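Pasting the structures here.
What follows is chain A paired twice: with chain B in the first complex and chain C in the second.
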Partner chain A sequence: MLESFIPALMLAFSPEVILYVAIGVFMGVTLGAIPGLSGDMAIAILLPIVFFLEPAAALGLLTGIYKGGMFGGSISAISFGVPGTPGSAATAIDGYQAKLKGYPNKALMTALYSSVIGDSTSDLVLIFLALPLAIVALTFGPVEFFALYAFSLLLISALTKGKVAKGVAMAALGVLLAMIGRDPMGGTLRLTFGIPELAGGLALIPVLVGIFAVSELIIQLSKAWMARASRIMDDTRQKAESLLGDYDASRDKLTFKEFRSTMKATWIGTTMGTLIGALPGAGSSLAAFISYGLAQRFSRNRDEFGKGSLEGVAAAEAGNSATSGSTLIPLFAFGIPGSATAALFGAAFILMGMTPGPRLIYDHTEVIYALFLILIYANLINLILSQFLLPFYSKIAMIQSRILLPIVCVLAILGTFAAGNSVIDVWVLLFAGLLGVVLRMFNFPLAPLILGFIVAPGAERALRQSLLIGRGDWMHLLSSPIAIGLYTVAAIMILTFTLVLRDKK
Partner chain B sequence: MFHKIKTSKKVATTAVASMMALAPGITAASPLSNDPIRLVIPFGPGGGSDITARVLSATAPEFCGPRIDVVSMPGAAGLEAVNFVRNAEPNGHTLLVTDYGPIVTSGFVDDVDWSHDDWQPVMNFTEWLPTVYTRPDHPIQSIDDWVAAATAEPGSITFGHASPLGLVHLPLILFEMETGLENIHVPTSGGGETRSLIMGGHIDLGMTLPPSIASEVAAGELTALGIFSEERSPVLPDTPTFREAGYDVVLPAWLMIFATSDVPAEAVEHLQDCFMEALASPTAVAMSNRVNAGIEPLNAADSTVLYQNTVANIGGILREIGEID
Partner chain C sequence: MLKPQFTTLLTRQDFYTGLGVISVGTVGLLDIAYGNWRPGPGLGPHAFPQLAYITLICAGVVIMIEAVFGKSDQFPENLRAVLSTGVALLAIGMGMFWAIGKLGFMVSVCITLVGAGFLLTRDPLRHWPSTIVVPVVATGVIWLLFVKLINVPLPRGILF
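Showing the complex of A and B:
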């Protein structure tokens, strides 16, 4: 074991590999910051070059992009309220509010630190606990997964600013939108209204960017237009978010005290992210939302959530970044890719002639040890490089909105198109934007809708698989202690929130 | 995105082309222009089709002339890719790389404005052999065990098979049609999920393609029961075929390159020749071995026979189970 550690060390810290990691981080942060584009996409595009690179250099590049992209998504989430990646949807809730209040830099720094803490912890877990955790992950079958999905839906809906009914309604709407397309079990078409292009369902990126971003853009643009037409300056709010002159950079520095106050949320996010990341099929967005929900539950400043709470940013970011190490656990332990990113890493291994699975580490000890080392120090590079890049990005966030918004709008449309090479996705984006405007006007929370949309396909599959396996007996859903535990906690929580902690009017 | 790139690339391709003209024997009377060739795949990146297509895109430009791009269009369950190729200019520059699902099965069950005759095969990459497998501590360890268990208690065995009517589901339907056995069909999101459900003990059997389980089977961590093909798989030499066990059920899948039928014959012939030449090159062979793609190219004529057989075969199954009339 030790004799291969020294060559792995030399491999991981060769100047060439370090350079590739740094290039990867830079690309990841920048791409992740563009709404619609994600690190996953960059990895997919760059896959063929692993044919031509040394394994360690190739893995360094991919790791860099992945980690940079994870954090980069939060830049646009905080700066424009547009989640750059699905994982950063939860970050947008509080991050964008923080920016509107005039401290984007604090939010970005919080996101960076919690992201790096979550990520590093998750990497250590991958390195030392991959095998034991993988066995736990396998005990999650359809019954347990359905319970987890139900739990997360209830948790998020119930937590929405005390408006439980509106939250549940939005989650249900998200589930309904996710049901458009082909029935995953029977293959028949549902809710497509005879439009053949909807057969594959609505894609996540256009719905996400549309609901969160395009709706915001439409509202901002119409505001700007109204202001111009009536020649009345739209006061306070407009000022706070648009004028560079009003932005006081010296007040917008994250203090150590503030950093410390977010630590509890960061650790909640780190724990949940690492655990959920290890489950095959549950993604970073789910981890971020659950972490956000739990951090709110256990926070002393619960009321600040949704209004620019740094704790909210920390929990969501730690939650999504902490999946990055553990999502590789099923890949290393069983050769099962647990997420889209893990599938791309799996493909990269295959392209390099290494079969993902338990023997990977014995057959290619040096390269895998080098990858472990890269996973750890890529976080450092991410920290340093992003520290350097953030001042520029947070300035961009403070550019006047009538200049910024059209640019973001164009980027969102381009990014959406590029993600699936599909024109329908662009229409979905615009319609989702209009839907978002209507929902915002009636004060519906948007996060439960997105969560419903994200978990619905998995939840439906898990439910129907459970019923198939249980021969149609609904009691089969209660056949596992893990599932019963999750349902009990969910029931207690929803009762607490609806009866005890209700918003008093 | 394409349009944007196109204009800037044009300059680059002309420059490359003028250099190419100096290279002997390549540009001689090619029916293709200098625009890039696009291999459109109806699946997401990173899967078997993507990896196989990339072997070709990395090696064939030298033989075919223009640059080759792999474009992934998973939208509308793959039909977006099919329609994109169908609506492209019929000049041999836009080709579809697919298994039989989005073209043969969809051509039957989906409401599409093309028929199976609107496509012509250019080349076949490989044949994929659907394989039934389970975990090693499961009581069912052979085809006979399975048949015995399913006969003793019909409808008691859970079988994971990715998307309904797909490559690793239709063989199960065909097998049940032949034998009259009944199993519980559990659709999953794909090979990865099927495998974790089997390894976690949530379902009994599953179906996949040999390369994805070969090393686990060799190490004794999974058991391959049988393969729905005429001959054994080279990567699973110890696994019998269903035919050997006495059940004449053969339904291999393939990965084929298609052009629309209005693409001129000389363009298709040129593509077939240069693709096959490229895949026979030492670089392509080395790459194919490294990624376990098992590339064994068939020319256009042989691929056409295979395609037409599959159309007849799948049509028969779908009619039998009442999916189409």
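Showing the complex of A and C:
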């Protein structure tokens, strides 16, 4: 495998790939900074375009957007108290207070440094853990794989939004959407409702982009239509402008002593974010809030938390960003996306002809090694770009989303058509968007649905192979100690997290 | 200790959500039992959908039980406005796609973006840079991206 390292190095550091990473970081920070838009949405919209790029360039672009989006969310959280992404909600607690006290730049720089430290550490954990786990996964049979799929679906359902039953229902719905079309083992048509165009099944891009991005766009558009979003932005702009009146930029520079004082909080956030990120469904906002709580508990200045503490900003931002690498571990090791972002990366792999799972690293060693290198240096690009562009980013965050929303909608529609060259895909995209809206309005989490849709073909194959081996006996699914262990761990974790979250509430 | 609250059950959103989820699962199971499903390897093509439908019913029952004990989400605010926007987007999206085949890519996309800008902005003519200039520039960028860079075979119209 080491002989692939040099070609991977050449691939990762080719000028084209570096350029795409830089463009991705810029796009990610910009979109993450605008409330209502996010890096994840940008990844979803750009999925069809990725189809036309070289794999390393495409992964570079997506990685850049992902990393930029992680930090971008904190810009509007600190500048206006409006989190650009759900993961940056905890950053807003102290970040906005710091801004009100007259040191927004210190808060933004603390967020940037802790974000990069958390992100880089998480990437290293991914790099050194994915391969050993993939080796273990290669020894799995269909019974173990079905248990693993069920484990991830149950866990992501339980942890995504607190309501376990709604999450489980969404995972089942995702599985059913994936069943539409021809049965891969017997060739018979399923759930096509007599519509011949559905015989080929629902394509990945329209369902993902529709459920994930178009539904959010519809909600944002309706907010813009009701002029609420613009009014909020007008208010925050006025507030921001009034605050700039007595702002002294010379006193608002992060000193090395201040940076060092945040290190403990940063490492608490990094550790928690990396651990929580590796769990399917736990998500960056949970990691950020738990990191914030722990950093407060272990801080000497715990009374300062909530009043503009830089430690609070560092812990929340490191916790948020440290999920970015570890959330990809289940995808690389087992082919199971642990979060919506990982699902989008999984979809990108599938579009480029690469099947996520334990064989991914062996079958596409060069590209995956190049991706590992990109993950590391994208953090540096994020650090350098953001250092220079931070003053402009705060202004970008003031762009009203109503200007960009229609353009993003058109991009989603044309991109989906471009990927499949099919008008049916456009219909599926728009109807998936409507379905996503209804589900969001009734507080159903969407991540389990996306995960269910993506893992369903693999899970079905594993289930039916297990049943064939067990001659139709469902108890055969409990014939392996690993499978029993996975079901037990899933049950324990769901119970633990449900009780912990209930206590927190 | 939570107590069942039957008197206000019909006013809780999750009671109806659970009912809807159970209905979908039940209809699916009935379809598998009485529909035109053929046998196949590994208990047949219906094995996995059957598992999914049973899971749906179980989840629906739990949602309803939680609603009985008072744990329910609120009825969604602005549901009608959001759904109307969704239906409008569906119509505009398909309309734009149809218009690309009749009028051409640039004209259709530009009209759609300018129209959306006018709809979403109070006093759109006063904000002409964002309602007219940005859509025109965006149309050019999208045209470059899709038609020139990635060569998408879009339907051709009479204009450009």
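As a convention for this text, the second predicted complex is superposed on the first by the 279 of 505 C-alpha atoms of A that agree within 3 Å, B and C clash if a C-alpha of one lies under 4 Å from a C-alpha of the other, contacts with A are read in each partner's own complex, and residues count from 1 in each chain.
The rule is short, and it goes like this: a residue touches a chain if its C-beta (ideal position, glycine included) is under 8 Å from a C-beta of that chain, and two chains touch if they have at least 3 such contacts.
Computed from a prediction, not measured in an experiment: that's the story for all the values here.
Q: Now for A:Ala224: first (chain B), second (chain C), both, or neither, which partner does it touch?
A: A:Ala224: touches chain C, not chain B.
Q: Where does A:Gly186 make contact in the superposed view: on chain B (first), on chain C (second), on both, or on neither?
A: both
Q: Which partner chains sit in contact with A:Asp119 here, chain B, chain C, both or neither? Use first/second/both/neither.
A: neither
Q: For A:Leu463, using the defined touch cut-off, is the partner it touches chain B, chain C, both, or neither? Pick first, second, both or neither.
A: Only chain C; A:Leu463 stays clear of chain B.
Q: When the two structures are overlaid on chain A, which partner does A:Phe431 contact: first (chain B), second (chain C), both, or neither?
A: In the superposition, A:Phe431 touches chain C alone.
Q: Could you look at A:Ala172 and tell me whether it touches chain B, chain C, both or neither (first, second, both, neither)?
A: Only chain C is touched by A:Ala172; chain B is not.
Q: In the superposed arrangement, does A:Gly141 touch chain B (first), chain C (second), both or neither?
A: Only chain B; A:Gly141 stays clear of chain C.
Q: A:Ile350 in the overlay: touching chain B, chain C, both, or neither? Say first, second, both or neither.
A: After superposing on A, A:Ile350 lies in contact with chain B but is clear of chain C.
Q: Quick check for you: in the superposed arrangement, does A:Asn421 touch first (chain B), second (chain C), both or neither?
A: In the superposition, A:Asn421 touches chain B and chain C alike.
Q: I'd like to check the shared interface: which positions of chain A are touched by both chain B and chain C across the two complexes?
A: On chain A, the overlap between the chain B and chain C contacts is residues 185-186, 414, 417-418, 421, 465, 468.
Q: Chain C touches which residues of chain A in the complex?
A: Chain A residues touching chain C: 49, 52, 163-166, 168-169, 171-173, 175-176, 179, 183, 185-186, 188, 190-191, 214, 217-219, 221-222, 224-227, 230, 400, 402-403, 405-407, 409-411, 413-414, 417-418, 421, 423, 426-427, 429-431, 433-434, 437-438, 441-443, 456, 459-460, 463-468, 472.
Q: If we count contacts the way the header does, which residues on chain B are in touch with chain A in the complex?
A: Against chain A, the touching part of chain B is residues 1, 44-47, 50-51, 54, 57-58, 70-80, 84, 109-112, 158, 163-165, 184-189, 192-193, 195-197, 199-203, 212, 214-216, 219, 221, 287, 290-292.
Q: Which positions of chain A touch chain B when the two form their complex?
A: My answer: residues 44, 47-48, 51, 137-142, 181-182, 184-187, 196-200, 203, 280-281, 330, 334-338, 340, 343-344, 346-347, 350-353, 355, 357-359, 414, 417-418, 420-422, 424-425, 458, 461, 465, 468-469, 471.
Q: Spell out the residues on chain C that touch chain A in their complex, using ranges where they run on.
A: Residue positions touching the partner: 13, 17, 21, 24-25, 28, 37-38, 40-49, 51-53, 55-56, 58-60, 62-63, 66, 73, 76, 78-79, 81-87, 89-90, 93-94, 96-97, 109, 112-113, 116-117, 119-122, 130, 134-135, 138, 142, 145-146, 149-150, 152-154.
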